[in-house]
């Protein structure tokens, strides 16, 4: 039985840039590829899809050799069962949107049609555009068509290079769950390039972080993002938890995390015992010395101050709170720190608005 | 003396889409053009730049006729003193990055060189790319080069069509202030298309909201976004205020807004009396019945509950709080609302973390 | 099978002789019932094709050099080379009136058309005449050469060259009113333009071809040929 | 038009169509190969393709005559296979025209293929199109304008060509006597009225064909950015 | 090479260079106009440009003889201005070659311009380039491959052409006798050795020129997406 793994062991040099990566990625769920502009995310996806040849190395997809420079083997792109949405979302210029969608669909051969053209066009809201030529499409329309086109090849793996960068938040919020559902329902693994930490945190099952062509972190989204993705202006942490209860009346669910229980809007797709991941931005967490009362903030985790230090040049302090082992950075003003006389070792409550967790 | 106004009175039809707009835009500060995918934002910018001809109407830039279908006048694009970064950021394919930058700069003629090539390449972090060909650039690199290229034509007005969609947050956070500074320092008005409400709120001086080719709102960012931009999942308000004091020691400044004073990280570019605009997401505001104590949240505005209603199907209530006339939506769980027994007319404190306001 | 082919023959004809050939063909076919196919080209081209296997039975050249050469190369049925027509050269001008060799010496004369002396016997003859008149140096740079006599004629006819040495047969083929003025140089000034015919080796047994050779030697043919402004031997 | 010229017109059309068709078959893959190959020999092959153009048609015809005559390897092979000589036959005309007009087909196509998007070809591959499939469904439509140019130049050039054809074909009525030779003969023979008529017919017909092609061509939008 | 052929070779080079140069001057704006115009007459003009190709060269030459003769409007105008006839002169050769080779210049350029990006031209305008400026600095570099094709086809075609040239030029040594006529004469004259030598020289030189052009061409990257 083939292992459900994408094995990458690659080197690729351009003038002024080099990518070197050795990494097995499980072919399930959503794997985010994260990193700053120019770090090699697109290059990696193009190598996997077969549009760049590595200078050295190999790619195995479910034990099938996609590329192996040592054995001089190279599976041409059209034989790799990958759907690929490129950055910039190019389409076939001489075909209408309808033609673009059917082009790939007609060529997928015997793959099971697990969802229909209508499903996809409805979910991505592109049905009214079917007669348009690509040159007429707006940036966001183009991205949605490109995603539909890739989905309709019924791929075994989906490679997405910033597929939502031109989409307004409302549309993105509508599409992301659809993507997640597809992925879950049809076990279609997704490699997803994004520079949007929120998108990644809410969507991805694991993450590969690139910096200047090198892996700086891989694995659990929580740990990786906590360790690497947050910058000075953009600090935060990701808490892993587990659904422990549903409150039907209030439409909430309880998530047990380090330091206590958080109440979140109930999600129908979850059941008790499910793992959940929460992005807490240092900006959005408040500290209290006492369990708050008469306050709309429902979530208070108990912890203790592990460290306090100035956060950049500005007015802020970075207070690191340990919640039974998990570190949570909290950003407060120096004024607040002084007011509360925060000290290392002090017991505090970390307050988190339920609504922040929902967004 | 010419009025500093861009007069738009336009009609443009495509199959399945029509833009109709009649609007004077002051040529100062940053004007955001906001709207969902396919609403006509790019079309509007292309009309202003002269790359589409309106079916009917006129465009006057500082009383100069750029286009007037009735008088059959049309100022060709190259004579319009506008710098234009297109969506997708195309570059001249046959020139290196350096060639692309100097192409426009050489042709600007007698315009004062208020900033140098080095300034711009340093600010946008593209100095290492000067010898690259456009085809080699990553998505984000391409956008930064396109912006530099437009800036170096020393335009009288800058037209930006989603110029940062491929940029990671860190880079964006570095560039936005630069853009703001340029704009303020050299009085270079900017028309800025974006679908990122945060970007718009923090950057724009006024906003034009489009929906299906029609203006749905125009004017003060605060009022417009409050009235139109926030969706169910994405509610919030914008508060207008004024700088009243600086606290040098704590690096904070006081902003007087409706309902009280908020303390924000001090910004060097501001002085006392400056207007400031703050985006408050309904998610990020907490309510308290008493002035909080022992809490890291520094900012508490006094207000009163104007209305409470269910917010969508979920567990949330939308509590509208009036802060001496200004409406601020606050999102709390039904659980919290019940706990606090919130009622219309009740006095409450709206709590806002300083750090949320800084981001 | 030899019998079956005997009714047809392909004649390769120098292009200047084509109008005559058209009439000869009609008369010959009605007299004998044989069927002729006529292929026209410059003498040089036809020669080249013949030595590279062209399916011609008879070659009517515009000179005697090429047929002689074929004879020397044993490409023909021995003894079948003969002169079927002798070309007449004329100095021609489309406008009417009188014309004399002095016209060639006129100082404002710009261009005189001749056929290419390298390629066409009429051209060689024209150069002989010019030399005989002592005008070679004077006309240098004024001579324009057509690929063949047809082009030389076109140069004059279209008014680009004021005068031209063309074939008498060409002038005679014009309508009465268009014949302009001409001066026929005496035969003493140029080597006779003998046009030779040969029966090609591959066609020794071709009855139609043999019949046409016989016809061409006969009086009927000679009369027709003379009518077009050629001498006959 | 004099009746004897009718077969010539017909033959010309057959020749031009056959030649253009064959050129499409040969030129398209050759142009594609040239557009995509990375071999260092590419400039050599490009130069070789253009070379026949440089020779005067009659001279090229002369060399083809030498190459194709029944005693030559090619000519004798052809004779043994088809029973007909390659020279002085329609087949010979077609081959000669193909060689002579090859650059008119290959060069515009190569340029068109080179400037059509690599990104579109990559996209087609992502959509599971095998290279040949992608070639027919993406590269060829993308090069539509190049095809029009190539076809027009090849077709028109074959119509007008007569030096090579005259030499290789031998001007045999109803076999190798094409319309261009007929007009040429009329001019040569001072039959100017016939020449004018025939030219007018050729020009008129060609004009209609060209007009049709170009009007149709407008319907291909141009796609490159 | 026999010495008498040397002036012919030199003349040929001059003719081909002059013709190609003129064609560039005429063909480039014409091709650009055709690529960008929206006039409904466009297919008509496109067809007219290709039409001279359809006529056999000698016949085209014949019509040019009629059009250019000293009594014609064009011919007499030329004569009064230059004091020389248009026919049987180098100038006449050049004009005839230009007319005959026009489609080889215009068509590849037009295709190249059509497929070069509108977006790049728009960008140039945003960068303050006036249309002519943008044309030279963006459209022309973008059409570099098209220019190579057009120049090669025009140049090679003019080298090899001899029907029109013979007719309009009158084969005057050192004035209008080009190398193609010389080779033709050698072949027709059975001077095969000379013909081979001269052909070899012409082919050799052309091959070197073409090789150089194509090798240089590799240095233009292709830009379309």
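Read from first to last, the chains carry the letters A, B, C, D and E; within each, the first residue is number 1.
What we mean here is this: a contact is a pair of C-beta atoms (placed from the backbone, for glycine too) under 8 Å apart; a residue touches a chain by one contact, two chains touch by 3 or more.
These numbers were taken from a predicted model, which means no experiment stands behind them.
Chemist: Which chains sit in contact with both members of the pair chain B and chain D?
Modeler: Touching chain B as well as chain D, we find A, E.
Chemist: Since chain D and chain E are copies that touch, just let me know if over half of their interface numbering is common to both, same, or not, different.
Modeler: Mostly the same residues.
Chemist: Based on the averaged CA atom positions, which chain is farthest from chain E?
Modeler: A
Chemist: Could you find the chain whose CA centre sits the greatest distance from that of chain B?
Modeler: Max centre-to-centre separation from chain B belongs to C.
Chemist: Express in whole angstrom the distance between the two chain centres, defined as the mean CA positions of chain D and chain E.
Modeler: 19
Chemist: Between chain B and chain E, what is the gap in Å from one C-alpha centre to the other?
Modeler: About 56 Å separates the centre of chain B from that of chain E.
Chemist: Counting only Cα atoms for the centres, state how far chain A is from chain C in Å.
Modeler: 90
Chemist: When the centre of a chain is set as the mean of its C-alpha atoms, what distance in Å lies between chain C and chain D?
Modeler: Result: the chain centres lie 35 Å from each other.
Chemist: Check each residue of chain C and list the ones that touch at least two other chains.
Modeler: Residue numbers touching two or more other chains: 45, 48, 151, 154.
Chemist: Using the touch rule from the top of the page, what residues of chain B touch 2 or more other chains?
Modeler: 90
Chemist: Give me the residue numbers in chain D that touch at least two other chains, ranges are fine.
Modeler: Each of 58, 62, 117, 119-120, 187-188, 223-225 in chain D touches at least two other chains.
Chemist: Let me know each pair of chains that touch one another.
Modeler: A-B, A-D, B-E, C-D, C-E, D-E
Chemist: In the complex, go through chain B and note every residue touching chain A.
Modeler: Against chain A, the touching part of chain B is residues 14-16, 35-38, 41-42, 87-88, 128, 132, 136, 138-141, 144, 162, 165-171, 173, 195-197, 231, 233-234, 247, 250-252, 263, 265-266, 281-284, 286-290, 292, 294-298, 313-316, 330-337, 339-340, 351, 353-356, 358-359.
Chemist: Where on chain D is chain A touching in the complex?
Modeler: Within the complex, chain D touches chain A at residues 117, 119-120, 122-131, 133-134, 137-138, 141-142, 144, 221, 223-224.
Chemist: Which residues of chain A touch chain D in their complex?
Modeler: Listed in rising order, the residues of chain A that touch chain D are 49-51, 76-78, 82-84, 86, 90-94, 103-104, 107-109, 133, 135, 149-150, 153.
Chemist: For a test of understanding, state which residues of chain D touch chain E in their complex under the given definition.
Modeler: 42-44, 46-48, 50-51, 53-60, 62-63, 103-104, 107-108, 110-112, 114-120, 145-146, 148-149, 152-153, 156-157, 159-163, 180-181, 183-184, 187-188, 195, 199, 202-203, 206-207, 210-211, 213-215, 217-218, 222-225
Chemist: List the residues on chain D that touch chain C in their complex, please.
Modeler: That would be residues 58, 62, 65-66, 69-71, 75, 85, 87-88, 166-167, 170-173, 177, 185, 187-190, 192 of chain D.
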